[in-house]
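These are the structures in question, set out in turn.
Each of the two complexes below includes subunit A, the first together with subunit B, the second together with subunit C.
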Partner chain A sequence: MTIVFNEETFRDDFTFRNSPVAIKRFPFPFHEDRYMYSVNIEPHVKTAPGSVYEHAFDVDEHYVAEMRDRELVLAEDPLRCQSLPHMELAGWDLLELIMTSKAEDYPDLFELYRDGDSWRWINRPLGIDDSFTFGDASTLPYGPMEYITRQTQGDFALLDQRDGNLWMDAGIVTTQADWSLDFDIGMNFFEWHGPVPLAHDMRVFERALKFLLNLQHGKPARRLNWTMTINPRLDTSPENYHKWGTDRATVTPENVGNLVHLRVELQTFWRLPRSNAIVFPIRCYLIKMDELVTVPKWAKRLHRVLKTLPPELIDYKGLSRYHGMTVEWLSRYDDGSPTSPGFFPDDWQDFQR
Partner chain B sequence: MLVEGIKSRPVYGVLAPQPGLSHIIVAEGEGAEAVLRMAEAAPAGFFAKSHLIFVPRGGDRPDRADGLRALGAADFQSVGSPADAAAAVATLLRDAKMGTQVYVTGTEGLIGLVVQAAETAGIDHASIHTEHRGSMARRVQCVHCKGITENVTTQPVKCSHCGLTLLVRDHYSRRIGAFQGVCIDAEEPGTAPRPEELFK
Partner chain C sequence: MNRGEGKLSVVVDRVDTITPMIKRFSFRARDGGELPRFSGGAHVIVEMPDGEILRRNPYSLMSDPADPSRYAISVRRDEAGRGGSRFMHEKVREGMELTISMPVNMFPSDRRARKHLLLAGGIGITPFVPHILELAAAGAAFELHYNVRTREQGAYAEDLARRFGDRVHVYETDLGEGFDLDAILSDQPLGTHLYVCGPKGMITDVIGRASEFGWPGQNVHYEEFLAPQPGKPYQVELARSGITVEVASHQSLLEAIEAAGVDAPYLCRGGACGQCETAVVSCDGQILHNDHYLTDEEKASGEKIMVCVSRFEGRRLVIDR
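Presenting the complex of A and B:
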């Protein structure tokens, strides 16, 4: 497989785009025509060749540009990457997990050579060739978590497990849907989910926590989450909300197709072997409405999902200003005919061939 | 962003004497009454193992300090501000025994600071007991500039550092000891509602 990496931006002139292939493999998050919270966790097994589920850590055409955007965010705000002192071992666990996975899944892009603790890591897309001593942070330019996540798409939270709870004690967060690592670091599972409406009363978090506390090494899990974003902006952080918030007021019935994006998070959960911590990668995929409606099934379904979305969720996801316009715009692509079950486009089988 | 019923919002209890080898008790203003009430249920010798720190509030009745002093704590200290109280707790905890219990009562701002100091010193949160008394004023951290605004009683409030008008969320960080403030008129600058007294 050869990936051609896009020259594109996620800020200022917003040149981000999805190729036809990237559209087809977009992780559309609705398997039916309505949406409500659920503990939609399933095993993270390699499935559906060509899809974002084919490999442990999906690398796609946006990789190089996303890593450049992360560099810009960190240069402006170093607090987006933090690790409490007891989390360094978990950082090495994570570095090992990503390096071994990527070298196995993408041998033409990444190579890893290990001789005891002497490791050599080659990252061709980013032009990196580093030799270092595993376990000795002084041999890397950054701590192990920061080093490897500057080379991996998605945000990462490292969760320490103690007292029957999970504690967000380290992370790197530059592509987040409106939460602050700097504020939430050190919080437990219930505290950092505090602002999410409805789900607490549904006991969603109790069940999710119970599942995660029992997560086993070698048996990762995954779920999808979603929201919407105006412009293909990766850094929709609360820190910069006063800078990007005005985007939401720029939507008009004419520009919905170009400005409004569905933002999907592929969240995975991995038990780490040495530290017994859990790593929680949150990988963000963006698709503008113009691109999404090239898949007729998704156009119909998203129209129906948005139309029936509970008001609390419209508010929480920050859609209030443009929700109505987007539903109206999508209605043009919905003839009311039934949609097929499942997430994938109707021509997915042809695409895989 | 305006979401009610956030679960990281601290839940305060009612102070009650806990088993322990030593006790650090911090009271601010009206919190003195919570300590006097706890004293009624305290076993003999409880205060002989206690260190009591009092933060008088402006306009406090002078007999509040006298009432606390009369409890016969091993050590009694009156300090000038919540920050001084947190610093005193941090100093005491440097040499604390295992099983030291920490009790804090007063405004949310004081509780936030002292709990943060105790957790930084490695005290398990299960050994920290809180009771809210007095003003509902909050410490607020601006998510944009990270500056802390003390004694916030209004919603929204102007950040005392960067000047943005902040919505005070119920989202609370024990590590920072503050509620989160987020720009309230980011989507349409200049449309912030007038501040109303909400946290009295």
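Presenting the complex of A and C:
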């Protein structure tokens, strides 16, 4: 599979778009016509060739543009990438995990040569060819976590495990749906989940924490989360609220298809072997309504899901301003006929061939 | 590495008799490749096909975390145990193929520590070997105090003392020696983390003294290998599977569930991780809680049982499995 990387932006003129292939493989998050909150964690194993679940770290047509956007965010605000000193080893773990995975999954794009601690890394899409000493940060232009995550789509949280808890002690966050690394750094699992109003059931958190504390090396897990965003803006961080907060007011019945985006996070969880830390990559996928309705099943289903979404969720996800308009707009694509079960488009089989 | 498997096929590379009671086994990957990296304090579960029975016991890794070509474990022969250590001593030979779990670490070091103080007793030395190698490689400050019956039995004492000189202190308890806990505890810089592994009595002593000396709880770490205790045989009904299993006196409840072909989650098989927690549907009798995962209140409530180490005595137990 050859990937043609898009020339596109996630700010100002917003030229981001999905090709027909990118639309078909979009991680549509609803398997039925109604949304029910669930923890929905499953093993992150190779599934459905061609889908975003096929590889450990999905690389798609947005790769180069997303990395350029990350560079812009970091240049403006270096605090979007932070690592407490005891997390450097976890950074090396992450670098190793990503480099070995990508070199294996995308041999035409990435190459890794290792001779003991002497490593050479070639990243063709970004034009990088670096030799360095594994474990010696002075041989890289950045710390290991920053170095590799400047070359990998998605935000990353590195969690240290101690005292029966998890601590967000390092991370890089530039494509985030409304949370702040600078605010959360050094916090434990319960503290950083503090302001979640709906899942106030402590037992849900306790169960999630126990799951993560017992996460095993070699058995990564994944789940999907979703929200909606106006414009294909990756960086909807609290720090930048003044830039994107007003976007919501620009939605009109005429521009819903172009402005309103479904935003899906593919979250994965990995135990890192050398440091015993956990890495939590959060990969963001965006799709505008005009693109989404080219898959008839998804158009019908999203219409039904949004229509039946409980008011407190509409509010919690920040959709209030444009929820009604979006449901109305989508209703044109819903003839009321039944939808097939599962996430994938009806012609997914043909697409895979 | 294949995602999702969680198990490793290995070949027994070497078996060394360290003392009459202790053997060391070294493993390499069956496919000749590298073994997964691990951190100091990690253990693996070794699967032992012993005739009809499949035993699974946890052992700390004691090889160098920087060397992915081999893993090593030490097994102390336990005549009174349920048979796992005897199997390892009597049946496992060089060249044999075994299945082990991926490493799991429930006894990691805290990398923020200014200094690491390690206290070991007997076979409790094993998790500290990779800890020390890791700390030394990272240039971290550490100090090991190791109580052992005789120098001969101090399996790895000589080697550690040779390599790390005055950072390693060995005491022969048969000669009346032993570490001076109070002196050690009272003479540590602020920000020191304490790690203890050894017999139960020693762990309890160290934790108790450290707390009297005002050590913060987060700075004190311990690992106790809880082997499932033998006991009277009993029956348990598995509500979800709709079957009743017999738990023999030298079998754990988890082993009985597995032997019946029912899948049950586990990680440590030693009462520490919480992974095997199972809800009790009804109980007419007494659960013998042997884990240190459930709180005292949870144990008293009788609503949960850790099937890897706990047992039951009484008329009828039904669990949600």
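The definition used in the following text is that the second predicted complex is superposed on the first by the 352 of 353 C-alpha atoms of A that agree within 3 Å, B and C clash if a C-alpha of one lies under 4 Å from a C-alpha of the other, contacts with A are read in each partner's own complex, and residues count from 1 in each chain.
Just so it is clear, a contact is a pair of C-beta atoms (placed from the backbone, for glycine too) under 8 Å apart; a residue touches a chain by one contact, two chains touch by 3 or more.
Model, not experiment: these values are computed from the prediction.
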Query raised in the report: If you stack the two complexes on chain A, which partner ends up touching A:186: first (subunit B), second (subunit C), both, or neither?
Result: first
Report task. Scan A:46 for contacts with subunit B and subunit C and give back first, second, both or neither. Result -> second
Requested in this report: Based on the superposed arrangement, let me know which partner A:210 touches: subunit B (first), subunit C (second), both, or neither?
Outcome: second
Query raised in the report: Which partner does A:245 contact after superposing on A: first (subunit B), second (subunit C), both, neither?
Result: first
Query raised in the report: Once the shared chain is lined up, is A:219 touching subunit B (first), subunit C (second), both, or neither of them?
Result: second
Requested in this report: Have a look at where A:86 lands relative to subunit B and subunit C in the superposition and call it first, second, both or neither.
Outcome: second
Requested in this report: Mind working out whether A:276 is in touch with subunit B, subunit C, both or neither, as first, second, both or neither?
Outcome: second
Query raised in the report: Is A:162 touching the first partner subunit B, the second partner subunit C, both, or neither of them?
Result: second
**Report entry** subunit B and subunit C contact sites that coincide on subunit A, given as residue numbers
**Finding:** none
Report summary line: Within the complex, subunit C is touched by subunit A residues 43-46, 56, 86-87, 89, 93, 100, 160-163, 210, 213-214, 216-220, 273-276
**Report entry** Contact footprint of subunit B on subunit A as seen in their complex
**Finding:** 79, 180, 182-187, 190-195, 197, 200, 238-246, 248-249, 315-316, 318, 321
Query raised in the report: Residues of subunit B touching subunit A in their complex?
Result: 1-3, 5-9, 141, 143-144, 146, 164, 169-176, 180, 182-183, 186-189
**Report entry** Residues of subunit C defined as touching subunit A within the complex
**Finding:** 1-6, 36-39, 41-42, 65, 102-105, 108, 110-112, 138, 217-218, 267, 273-275
